[in-house]
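Here come two complexes built around chain A, the first alongside chain B, the second alongside chain C.
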Partner chain A sequence: MSKVEIDNRLLKPGVYFMRGNDASVEGALIAGCRFFAGYPITPSNEIATLMSRRLPQVGGIYMQFEDEIGSIMAVLGASNGGVKSMTATSGPGFSLMQEAIGLAAMTETPAVIVEVQRGGPSTGLPTQVGQGDVMQVKWGSHGDYEIVAYLPNSPQEMFDMTIKAFNTAWRYRVPVVVLSDQMIGHMREKVVVPPYEEIEIVERRRPEESPEEFLPFSNKYLIPPMAVAGEGYRIHVTGLAHNEKGYPTTDYETVRKLVTRLVRKIRDNERDIAEYEEFMADDAKLIIVSFGITSRSAKKAVRDARSKGLKVGLFRPKTAWPFPYWRLQELTNNGADVLVVEINMGQMYRVVREHVRSSEVYNMPLTPGACPSPEDIYKKIEEVYPR
Partner chain B sequence: MSELKLRLIGAGGHGILTLGRVIGSAAIKYDKECVMTVAYSPAQRGGWSRADVIISDDPIDYPIFVKPDILVTTTQETYDLEKGNVPKGKSIIYESTLVKPVDVPGVKQIGIPAISKAHELGSSVVANIIILGFMNRVYQIMPDEIFLDVIRSSIKKKYLDLNLKAYELGSKLGEEALKS
Partner chain C sequence: MKHPYLRYLRPENVPTVFCPGCGIGIVMKALFQAFDELGYETLEEFVFVSGIGCSAWIPSPHILADSVHTLHGRAIPVATGIKLVKPDLNVLVIGGDGDIAGIGGNHLLHAARRNMDLMVIMINNQVYGMTGGQLAPTTPYGMKTTTTPYGNPEEPMDTCDIVASAGANYVARWTVGHYLQLKDAFKKAMEKQGFRFVEAVSQCPSRVSSRIGLSPADHIKYYLRNSVDIRKAEELLPEERMEKIIVGEYVDRNKPGYLEKIKMVMRR
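And then the complex of A and B:
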């Protein structure tokens, strides 16, 4: 753990009334981000706009590219060059980035992508809310890899989770997504910037070997230390399956070790990475699973249900991937039913069904464009509540 | 005050979002919870913009509401659009140089000629701050000093004096409205 670099151009500790997207920018800068490449897209634009002003102030570089493909490739290049880097986008841009996200996973290049979801599919609803990219985050690129995605539900969490995303990306050498949504991104709320000494910052682990002994993708480690291009270590980076030196190979055993490691470095650490919030879930007969903006509506619905004597609770995954299934299993072992509320046609619902076998799992599928009100969710609670 | 829902709506350029930000920043300073959501009409120019602000003593779960406790509206279009959402016993503050009010049963309506008063002060851009001073005098949302602090720390020096005068004028107009 290292410290926040003391720099009076960073946002000072204090209390602010801040937009979610802006909070993400200030969090990124405090985490050490000094490069941003992006292409304009609603509803993530405020991130690029503020970055273009703030990065030069802290000695960083902002670049607008010809499209999202160029943007994410520049972010990966900067990361290999030793700079903490990120981009921000929404659904259509995120689709364009998928191939490069696979490249980041294969080359173990840390990067942060803030994805502010809007309604889809395709260009869909640029200015309105959606939560339809839960599965795309996990399975968007081809082949086997593991990725991490955070699910903020407030401007405060846009700040906190952007810092966490950098830490996780640089600790595990993976691309990490902050999967927000239009309403959280555009909402203003209280954001507390804690004293810098309370903020954990993770830097890349540098090689300890001499340049002669160094293997950039050594299987000696689950997460190999990462050299910076240009500092004397021989580095070869390719999307092709590669050996420990980074050179292309088709040797079955070598590829097996590589792909296994890419997956294991997240799966073996899923309980350290995954986060969740519980609200009145311990004695609940019905547990609502919800995230992002819908989880706030669901929380109100839970309070309303409790005030009418219904034992309803909330389980809010703060990471979509890894999904904290083990805790949900513990909460449902006593037979509690589950209701999944999300602004899509049943994406996290499938994940919950995969892990909750002992009780009923209900779905509240919603098309994009609006967040369900607490009353909408309460109606569904009354419909499925076990009696 | 346990929870107060404010809807601010007017034409682009009326300083609606700035007004929302000032109120929100003040609420945070005053140790309240506050959330603000915004919406725009789908027009590139000449449309309306809206800021919905909830101020509460407790954490706010859900930031969206339909029925405000106080509606502030600065154009006829937005007055017509929103007046029906104000419940009985709640209030409307309208900009009286642009809005011709109609009877809304059970709803208290107060007009303030904020834009013409702002012109007299020197710039129409401070109409929003006149409304703020007015609203706070009439409804006493927070101590004036909290709002003035936010204005002092967030407005450029060049315009600070104008904004402080605007707040004071709004407050005076509010005082008069209370008397009448």
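And then the complex of A and C:
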């Protein structure tokens, strides 16, 4: 008798009361994740804990590694073996993974990383909230590459966006990060699992040509189909600059085409990938840009401001990268000012300033360890509201 | 006539990139002979994983099989990930001493402890060859390298000893001068479960042999003269041991490998 019943026990459609980190696990399993490798770190631990119990139940494999580098590398190995795979971590562990994230981008190996942000820098505040990894998630590895990062602000979105992260990773062949935070990860709230047929699941595009004819990194495609180990394609995957066959090259023109494609496959599709939410933003004279846990306080602050007759709105990016700048530009074309609220000293603030040139952009620099209250944000609104 | 082992190579990437006289070629030949003698016409059942370094270039881009060329020191966890999701494939890691025992040493230690079902070939040229011949964790005491111009003050690690005590099923060291023993060790390791580690002591003419004034052939002869069988090594004093290259099988056992152990705990 087996201790573990392998019966594809995915979480059934229905309404649950769940912790954010747990919702991410259940979303991952529904998305088809069957491999998890990780290393303990607060505040992401619940993800590994639940994965270690749940993965064997659905025929998958869980493994704890000797460090985060080993974890992410094993995830890339499993992905090159054709299995949807992920890891979860927080600040220090995420820093250790950066070299591997560059490798994933260069080799176009899909992977999902759930990063539950804590306060930094360094060991910082292991058990408390921070949103200081907005820039690292985009620029953490060396060289030019594009990846995608989602910004959940509820346990429901931990569930939904983990599924989306798998879809985006396997559609575009990039590493995708679910950039959560300690409060969203640990918060318990209603989570609705919709009927399975309503959930979109993306699989890797497989080669149509025979192994002899297949060009694994063909520039014919923006996102080439992916062959994996053991399928007879004799894949050659390398982090070195490579030609269309996947072999190392230093030819300027070949490298130019490769790096351009790696960047273009996300930039050309940024409007399909990026997501955002707007709340009373259309006629607003001041738009608050906020994400993750702070966006919840910001929303309440917007309501409070409206009840006092101030035309304030909320623009919540649901993806940090690509950043939905075009919509923010449209919303500010009429001269609306912007206030960025995030638990860092001004990271998304820089991105907003890059794209909003015609009006004032304010920020509310916040050190980690606490989420601003709606009252804190309201005070700042009163201070900067255009009169 | 076409060389029979060319069937294991990607034709586009021959000749290889290695320096003339490099021991890596001998290791490759021994590996190919092992495949041949075991009856592998193609290498479809294999996946090769490597890190960064000259030695890591054996599979990538040369061997005609699935191969993943990863980061410096990180081949073993990638190989682990592949093996766990593709247990029917024979997963082989090839790398240098700096890659496998230096920067990747922690992964090596833990893969051996888990008796992970992988075979690892470590080419020990006593330096970081690719980057110019710098000090490695395997550099002999007193040896001059690019970055130890006055001689190496550190004592080298006996990687085989560490891997064997960590729990691997099979551990052996030979020099490229012991060609047949090396080839047989590859064959034996390939047929076993669990963690298998074969170290090949190999000359780096560009960064080491030339520095110490030896031709590649003389360097191999030097290795042979300085080798001592592991069964005799026990009689040596620690200082004498340090001067020698210990060759032979450190361990050969049949403990259940990691994949078998997952099944065992699930059944319990």
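Convention: the second predicted complex is superposed on the first by the 379 of 387 C-alpha atoms of A that agree within 3 Å, B and C clash if a C-alpha of one lies under 4 Å from a C-alpha of the other, contacts with A are read in each partner's own complex, and residues count from 1 in each chain.
In this section, contacts are C-beta pairs under 8 Å (C-beta built on N, C-alpha and C of every residue); 3 or more make two chains touch, one makes a residue touch a chain.
Remember, it's a predicted structure, so these values are computed and weren't measured experimentally.
For the composite obtained by superposing both complexes on chain A, the positions of chain B and chain C are free of clash and fit together. Legend: residue contacts after superposition of the two complexes on their common chain; A:296 is shown touching chain B, with no touch to chain C.
In the overlay built on the shared chain, the residue A:81 is in contact with chain C alone; chain B does not reach it. Judged by the touch definition given at the top, the superposed model places A:235 against chain C, while chain B stays out of reach. Contacts of A:35 after superposition on the shared chain: chain C is touched, whereas chain B is not.
With the two structures brought together on chain A, the opening angle seen from the C-alpha centre of chain A toward chain B and chain C is 110°, to the nearest 10. Of the two partner chains, chain B is the only one that A:190 touches; chain C does not reach it.
Which of chain B and chain C touches more residues of chain A: that partner is C.
In this overlay, which is a superposition and not a single complex, chain B and chain C have their closest Cα atoms 23 Å apart. Overlaid on A, the two complexes show chain B and chain C touching no common residue of chain A. Contact residues on chain C toward chain A in their complex (touch as defined above): 10, 12-13, 44, 47, 49, 60-61, 64-71, 74, 76-86, 88-89, 106-107, 109-110, 262, 265-268.
On the chain A side of its complex with chain B, the touching residues are 15-17, 127, 183, 186-190, 296-297, 299-300, 303, 371, 373-374.
Residue ranges of chain B in contact with chain A, taken from their complex: 20-21, 24-25, 27-29, 33-38, 40, 42, 60-64. By the touch criterion given at the top, residues 1-4, 34-35, 37, 56, 61, 63, 65-67, 69-71, 73-83, 85, 99-100, 103, 107, 229-230, 232-240, 245-248 of chain A touch chain C in their complex.
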